[in-house]
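Chain naming follows the written order as A, B and C, and within any one chain the residues start at number 1.
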């Protein structure tokens, strides 16, 4: 068997090894690359920058541990910026395994800015119901979440009474912005369909890189005011708020991984056409 | 008649009412009530789902079917997490007990500092994240093996894919300033047009099926005819 | 309080149009009128896949997605499963159906059992081949991969709503040399299926599959109604673009676009 034939029928574990080396190397040597913000990420950034101190946002943290690698950096960066701007946060999740992730994110960021639970941020927890819950939140948050993640009645949380002129925060429109970080269903598309269209609440979203192209039509139509796509999106946002985190750190590794895949495609095609010329290619 | 006609009628009545609620504001209060019922029914469905999981896996163990040992593992994991997250908190609240701890971990509840949270973060999170992380390797393997530029379409696809892959990471700008701009153009023009068309098509398909259910034409959600 | 929300009138009109067309075209189909549906390569390959599996004496794997019974794609997947099961029953080839949601399990069992009955081979139906694996996405993927690697099906059909596990399934199936046909309306997973499978039904082709395979009047009528509505959308798109280009905005205002 010639070299090109051996390459063409290479055991995929060698490819896995090459990928592992390509992704690990930049992390080991602490390689850093400058990050350029895309127009969609810029929209995400600008919508958060428009918020004033005391504004309330609804944070829909809809992902589970599978999406942690891509979306945790995004969530942490967003929380950091919102706390820094003294924006108040009402957070919840529609994914059963999502609540502890939001709790950990709060616990990582809130102490940096001396934020107090119940005054500056609230964790409503998880509710099953998907789109039904989204629509219900547009009508009454208390009907959906009578108590928070820790079992405290919402009425006893000062944040839930910090709407305009001291009015209660009782529906999504009592907040200024919907910030959605999601990885699948229910997620960005459902929030756009059920909430953005129905209640006209401005919305920005962070999602997995694989889903981002699907939401470009919503960005172009104005239904989404900003979009972060995957770890690259997280890196772009971290760069814009000057808070380098796992997003920026991961960019070198992701860059090398992408280059490796491109080289693999080129190599795969080269050996295929070479072997075909020799009359020995696999179908 | 009860088995098929009643569910179909129920689906039609509730379905049409909810469609109407979207267009007629005076129906909104009643629509809100129906949505709350839907939230409760969906939540109840989770309980049925868990009961089904237990039933199927117990059957597997009792009949010593293939991989029955994994079913034991599943049932133990389910039992432990249910005990810590649901049963113990209810019992604790009922007996108004003090702190129930094992080592440094609170046995009651699911929040930070509890044994449930520890198991979630040390077992479930790494397992789940690892499975998702496998995709990177599988993509590389699939790209090497299957991405063949045999036709003009495939060539265009390969070129676009390479530009976007390089343009979406910082390395692209380092290689050439124009790559990110080209990437943005590909994502915002041809890609977006195609995605929008597929989105419209898929949405129409979904709406049409929904309409068929509302009109009682589609009955496959009940099982075979 | 208003009787009717005028801002939602265009949506009302669109739904009414689709509903009227659906009913009208289904009626026409029931009267015997035949409608043209173009060839879809992936669906033509289903019978080839079943034949191949029968010749090799290996089972067929049918994965109906990981979403719940209330998802449109899961409903369509059950219809396609019925058709495939009927075909498979004729050849008495084993059909393995791994399930990801507890509520889909009875649907799949009922659909498959009925298909075997309709094909005249009720004894060939094996309830143990309809296997509920796990609600958890990657646990389900691991379970299906295990089935693929142990039982080595000759044909893998992935029809329904898939997410991140799609490439895990398809790539493992490729490793075993199975012929693979996928269909999903989750467009973010289509690239992975296109790369790893022999045939892929893209978006609407998946919805058309049921009408294509069964030629049932209600399904064909619905498919044609969607086609007509698409024509209307194209006309509106072109007209809207032209009018907006000359700053005539009545269509834009009527459709209540932001």
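By definition in this document, a residue touches a chain if its C-beta (ideal position, glycine included) is under 8 Å from a C-beta of that chain, and two chains touch if they have at least 3 such contacts.
Quantities reported herein were computed from a predicted structural model and do not represent experimental measurements.
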Measuring centre to centre, with centres taken as mean CA positions, what chain is farthest from chain C?
A
A-C against B-C, pair bridged by the larger set of C-beta contacts
B-C
Please identify the chain lying most centrally, where each chain is represented by the average of its Cα atoms.
B
Which integer distance in Å separates the CA centroid of chain B from that of chain C?
18
What's the distance between the Cα centroids of chain A and chain C, rounded to whole Å?
29
For chain B, which residues are shared contacts with two or more other chains?
45, 127-128, 131-132, 139, 141, 143, 145, 147, 195, 199
Can you list the chain A residues in contact with two or more other chains?
12, 66, 213-214
Going by the touch rule set out above, which residues of chain C reach two or more other chains?
138, 164, 187
Quick check on the complex: what are the chain C residues that touch chain A?
67, 137-138, 161, 163-164, 175, 187-189, 258
Quick check: in the complex, which residue numbers of chain A touch chain B?
10, 12, 15-16, 18-20, 23, 33-36, 38-39, 64-69, 96-97, 99-100, 103-104, 107, 127-130, 132-133, 135-136, 139-140, 143-144, 149-150, 209, 213-214, 216-217, 220, 229, 232, 235, 251-252, 254-262, 264-265, 267-269, 272
Touching residues on chain B, where the partner in the complex is chain C
19, 22-26, 45, 48-49, 52-53, 56, 65, 67, 74, 127-128, 131-132, 134-135, 138-139, 141-143, 145-147, 195, 198-202, 204-212, 215, 217-218, 220-221, 223-225
Show me the residue ranges of chain C that touch chain B in the complex, using the header's touch definition.
1-5, 8, 11-12, 15, 18-19, 22-23, 26, 69-70, 72, 75-76, 78-79, 82, 101-103, 105-107, 110-111, 113-115, 128, 132, 134-136, 138, 141-142, 146, 164, 167-168, 170-171, 174, 185, 187, 190, 192, 195-196, 202-204, 206-207, 218, 222, 225-226, 229-230, 233
Of all residues in chain B, which touch chain A in the complex?
28, 32, 35-36, 38-39, 42-43, 45-46, 110-112, 117, 120-121, 124-129, 131-133, 136-137, 139-141, 143-145, 147-149, 158, 161-162, 165-166, 168-171, 173-174, 180, 184, 187-188, 191-192, 195-196, 199
